[in-house]
Amino acid sequence: MLQLDNIHKKFGSEEVLKGISLQVNRGDVISILGPSGSGKTTLLRCINLLERPHKGTITISDLSVDAEKLSRKDILKLRRKTAMVFQSYNLFANKNTLENVMEGLIVVKKMKRAEAKAKSLALLEKVGLANKADHYPSQLSGGQQQRVGIARALALDPEVILFDEPTSALDPELVGEVLDVIKHIAQEGVTMIIVTHELSFARDISTQVVFMEKGNIVEQATPKQLFFNPQQQRTKEFISSRISEWSYDI
Amino acid sequence: MAEVIDAFWKLLPKLPLTLSFTGLALVGGTLLGFVLALIRIFQIPVLSQLIVVYISFMRCTPGIVQLFLIFYGLPKLLLQVGIHINSWSNFTFAVIAFGLHCGAVMSEVIRSAYLAIPKSQYEAASAVGMSYFQSLRRIIIPQMLRIATPVIGNNAISIFKESSLVFTVGVVDLMGQAQILTQRKYGITLIETYLAVSFIYWFFSMIFGRLLTFYQNRTERKYKIMARRA
Amino acid sequence: MLLDWDYMLSKLPLIIEAIPRTLLLVLVSAFIGFIFGFLLAIVRSYKIPVLSQLATAYISIFRGVPLLVQMYLVYFGLPHLFVYVNEAFAITFFPAEFNKMFIALLIFSLYTAAYQAEVWYSALRAVDYNQMEAALSVGMTLPQALIRIFIPQALVSAIPNFANLFIALFKQTSLAFTIKVVDIMAVAKMEAGSTYRYLEMYVLIAIVYWVLILAFERAFVFLEKYFSNQKKHRAVSRG
Amino acid sequence: GSSSNKDNGGAPSTGGGQPAAAKVTVLKVARNAVPNPPFSYLNDKNVMDGYTVEYLKLLDERLEEYKFEYEEIAREAMLVGVESGKYDFAANFYYRNPEREAKYLFSAVEYGYSLNSLIVKKDRDDIRSLDDMKGKKLTPMSPSTGLRTLVVDYNKKNASNPILVEDIDAVTDAEAVQWVASGKYDAFLTNTTVFENVNAQLKLPLKIAAYVTKEPIWVLFNKDKKDLAARFDEATKALIDDGTLPALSEKWFGVNMFKSLKDVNEQYKFK
Amino acid sequence: MLQLDNIHKKFGSEEVLKGISLQVNRGDVISILGPSGSGKTTLLRCINLLERPHKGTITISDLSVDAEKLSRKDILKLRRKTAMVFQSYNLFANKNTLENVMEGLIVVKKMKRAEAKAKSLALLEKVGLANKADHYPSQLSGGQQQRVGIARALALDPEVILFDEPTSALDPELVGEVLDVIKHIAQEGVTMIIVTHELSFARDISTQVVFMEKGNIVEQATPKQLFFNPQQQRTKEFISSRISEWSYDI
């Protein structure tokens, strides 16, 4: 469904992605773990071509694009199949909460205003922000901004959603709620790629977990395998810093 | 063509005057504009309203009227309080008039650049313990400059060309010299002289623009992908 | 040196008569310059090859050459050139005279476009690029992202600068008199020329300009408020 | 650059009212920065020269109690400056008319004349005076020239059938003669000497169709300078009477303008 | 040492802080927990007066300021006693990593350049960023920016450090390292207030935990008490969403 082949990305002389290949099925939820600076955000940004990879191909359902010969049309098509939740939220500063969610529906999906509004409000309700509909981003707390970002992405009904640390600013209760929302969407067949530092979140949500380091995929497995029976020494080390806390009750 | 070159050499001696005039008016105006902009940003009561009127007057009335006001009005005004400035050179009066005008325009440039800097940058500086002026100097102004360089270029070039108005009070600048040259010959060499004078104006505007672009590209590297990510 | 207010008042109708012409000059050229300037800025911002170099050259020339000279060269110089070309090639293709209003509008538009391009250029850099990325990630095309997200934010800091330019242009249109277009300043000069009441006429014209421009100045203040209200940008990313 | 006459000791003193007292008053004089040959202009050596300039120099020598200090500024600025009192008087071949008299003080004795003529294409015979200009087009005129006032005054008197004239910010003499030569306009109203000097260089097929006026030219004083104006009159009169100014006129205009228009016409060698 | 008395803050008609009082001793590490939008960030920002409270007094050691009569001098003094790590990092965009850390030392502490540089490099080393010293913020990953923010605050040796979710963008390994750094500093007598969503982090680091909701302090206690024996029903609910995972091995 989503397939990455040998994605390379350099910043200047620094190679940040060193040939990433990944195969994701429809409805899969992939979590990407890895130390800070390992290239997780860059990988997500390469998938919707906000960052242009130097090499590699990206395939989403029937659309396959080669990084070395990108056309404007392909880029647009690809972006319309995906949606992204940014690590730093990136809400439209000139639009209020409701408009932030509606914007894509109206402009890209050509939905009627009233319909878009109803849908957006329903989503805001889901993430607990219906009462902040007319606030501007600058009037929202970090967690609130993050939830608007999530709602904005969900509203588009894309084939693939890319989440960049979608729960970093959320309190434990909300993390639980977002988890529910994501699980629900996954059941509808939407594919999701989630960069996260919360191992428990990854454990609870994903069908597959990918561990990245220094621009490479070190290990990929089901959560159960990766967390409780990692094959690589590096994975083991990374996981151990947190996993010890879990009551092995899964 | 020979006449263009001839005019060019006759115009050239006036270049230092025009450049120094522009420089003085611009530097004075920028400093003034900065103070005005700060007062407006902080919305200091009374002063802030006065400045709005001042800016409005300076921007909206013709330059020649302002020049006359300073040239003829200011000495009379100051005489009332016993200050004699009638002996000041016309150059000085013209610099004052242009500086005041430039201040009004620059204050808007500066204010708009200030508005464009996210407040979070100022907050970060405050949180580190910088005083307001320290944060301006070290954090805010460098970022304002990055945004405002093209507009500063606009204004510098405008003043450079508008400075030709000083000929009205007898300061012979580039454009004044061009007029003298053409009128002396009853306008026969008008086009040639204007071509020469345009070349000089264009050349220095272009050099100045290049310098700004150079500065801009140098600083731009830092922001190249400005908050592309966070 | 008291001003003769009665005299000034008596000349006011003459000036008022010329106001529509001045407004036409200013509004049309400011609008064309606004659009054209934007295109120039986009071409430069995205470093589109060839076009970007052309834009740079264009801006440098129209910004650097005094407006008066531009007027002269086009209105008086071009017919000379055309006569020469017509004779040289034995054709009657080029006109020996232009419509002066058209020339004035053309020059003012081209001139202000060069300046407005730089304001646009600066404005586009003032907006955080992540806003553009957010819009693209939602699936907007570049023009959609520009119009709906990027430009409204860019305008916040650009409006005071556009106001500066607009007001400057308002007064610069008096240069149209060099090619016989009679605007309000020209009327003032003509009256002063025949009566030598320069002081009165200059004060009067200053007042007229101020009153006229004041209305536009208010409009710009309103626009600035409108856009910055929308943006509430000052505290964004406070987290 | 202003220059002032420093040695006024050797000048012959005329029988003025005041005794040659020690006190010398400095007068601020406004002159036109834009050249107006042959009245006043910067010559090739970058020194002010011309009929008006030489007249002022003579006057300065003659009026021992005054010392002139010149400043060259724009035409508008000269007038505003005299009005505001920044300058004591302005010299720039000014014409006289009632509106101006209301604003400034004129001396009683003119110091010279501007002989104005209509310039037409060589092959035209239909224009012999301003009256023949009715319904025809004069070249565009700058509002700050005195010649335009002449036309405006004329049109006021002949409101039913005015001379057509367009207004323009500024126009050079060279441009105007070319317009006439190209047939775009019918005639150019200008100072005779100016036309001769221009056409000496351009050699266009043009001719002087008629002398329109011999317009006296004046110095403009600030309204408060009545005494000064009186002293000027005395001195100017003396300069005319002793033949100094007529000689100056011969030098700059090739003709003694102080005679009547008819005499001038005769003196003038033209076909 | 740090004392807040009855701090009130409104945004428009919305009261975000409803009279917060808090007493902190020298060397204490206070964690603030609470749902998204409960006013945690606002509280931190009130302490160093980035946000002006409408009422209340703030006391840090010998300096006491009343929110209703603030002088510029007091504000500056107060800010120089504190340092802050922002939720959205807020690095100086025109300065590279090293300069970001040095800036305060040179401008505020009037330290010599060489000395400031040495100190800053040492701190960057501590947060694992010595090799990114000449990168600009726009070239750093989220976690890297966050660490620069932490180093910048630490460099100032303030009496109080305010952390706003300092580990939200950090992977588990780094969280551990930052925890070590913070513990170390606490031992030197620096007081710290940390807003966090990571309950385990709060548990491991703090001497006191504060639970906030809707602009009020609901409960304040030692971590042990608050996590394992909360007195308030609301606290219990909030905690339970996560705490169940912990192997009660403390």
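Should a chain be cited, it is by its letter among A, B, C, D and E, assigned in written order, with residues numbered from 1 in that chain.
Methods note: a contact is a pair of C-beta atoms (placed from the backbone, for glycine too) under 8 Å apart; a residue touches a chain by one contact, two chains touch by 3 or more.
Just so we're clear, the structure is a prediction, and the values are computed from it rather than from any experiment.
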| item | value |
| --- | --- |
| Chains touching both subunit C and subunit E | A, B |
| Furthest chain, CA centroid comparison against subunit B | A |
| Pair of chains joined by the greatest number of C-beta pairs in contact | B-C |
| Between subunit E and subunit B, distance of the C-alpha-averaged centres to the nearest whole Å | 45 |
| Subunit A-subunit C separation of Cα centroids, rounded to whole Å | 46 |
| Centre-to-centre distance between subunit D and subunit A (centres being mean Cα positions), rounded to whole Å | 85 |
| Length of the line joining the C-alpha centres of subunit A and subunit E, rounded to whole Å | 28 |
| Per-residue overlap in subunit E, given as positions that touch at least 2 other chains | 41, 86-88, 90, 139, 141-142, 164-165 |
| Shared-contact residues (touching 2 or more other chains) in subunit D | 76, 80, 84, 175 |
| Touching two or more other chains - residue numbers and ranges from subunit C | 76, 128, 130, 133, 199, 202, 233-239 |
| Subunit B to subunit D touching residues, read off their complex | 64, 68, 71-72, 75-76, 86, 90, 167-170, 172, 176, 179-180, 182-188, 190 |
| In the complex with subunit C, residue positions of subunit B that touch it | 56-57, 59-65, 68, 105, 108-109, 111-113, 115-116, 118-120, 123, 146-151, 153-155, 157-158, 161, 164, 175, 190-191, 194-195, 197-198, 201-206, 209, 225-230 |
| Touch list for subunit E against partner subunit B, complex | 48, 50, 76, 79-80, 82-84, 86, 88-96, 103-104, 107-108, 136-142, 145, 152-153, 156, 158 |
| Complex contact set, residues of subunit C against subunit D | 1, 76, 97, 175, 177-180, 182, 186, 189-199, 202 |
| Touch list for subunit D against partner subunit B, complex | 1, 33-37, 41-42, 71-74, 76-77, 80-81, 84, 86, 171-175, 194, 197-198, 201-202 |
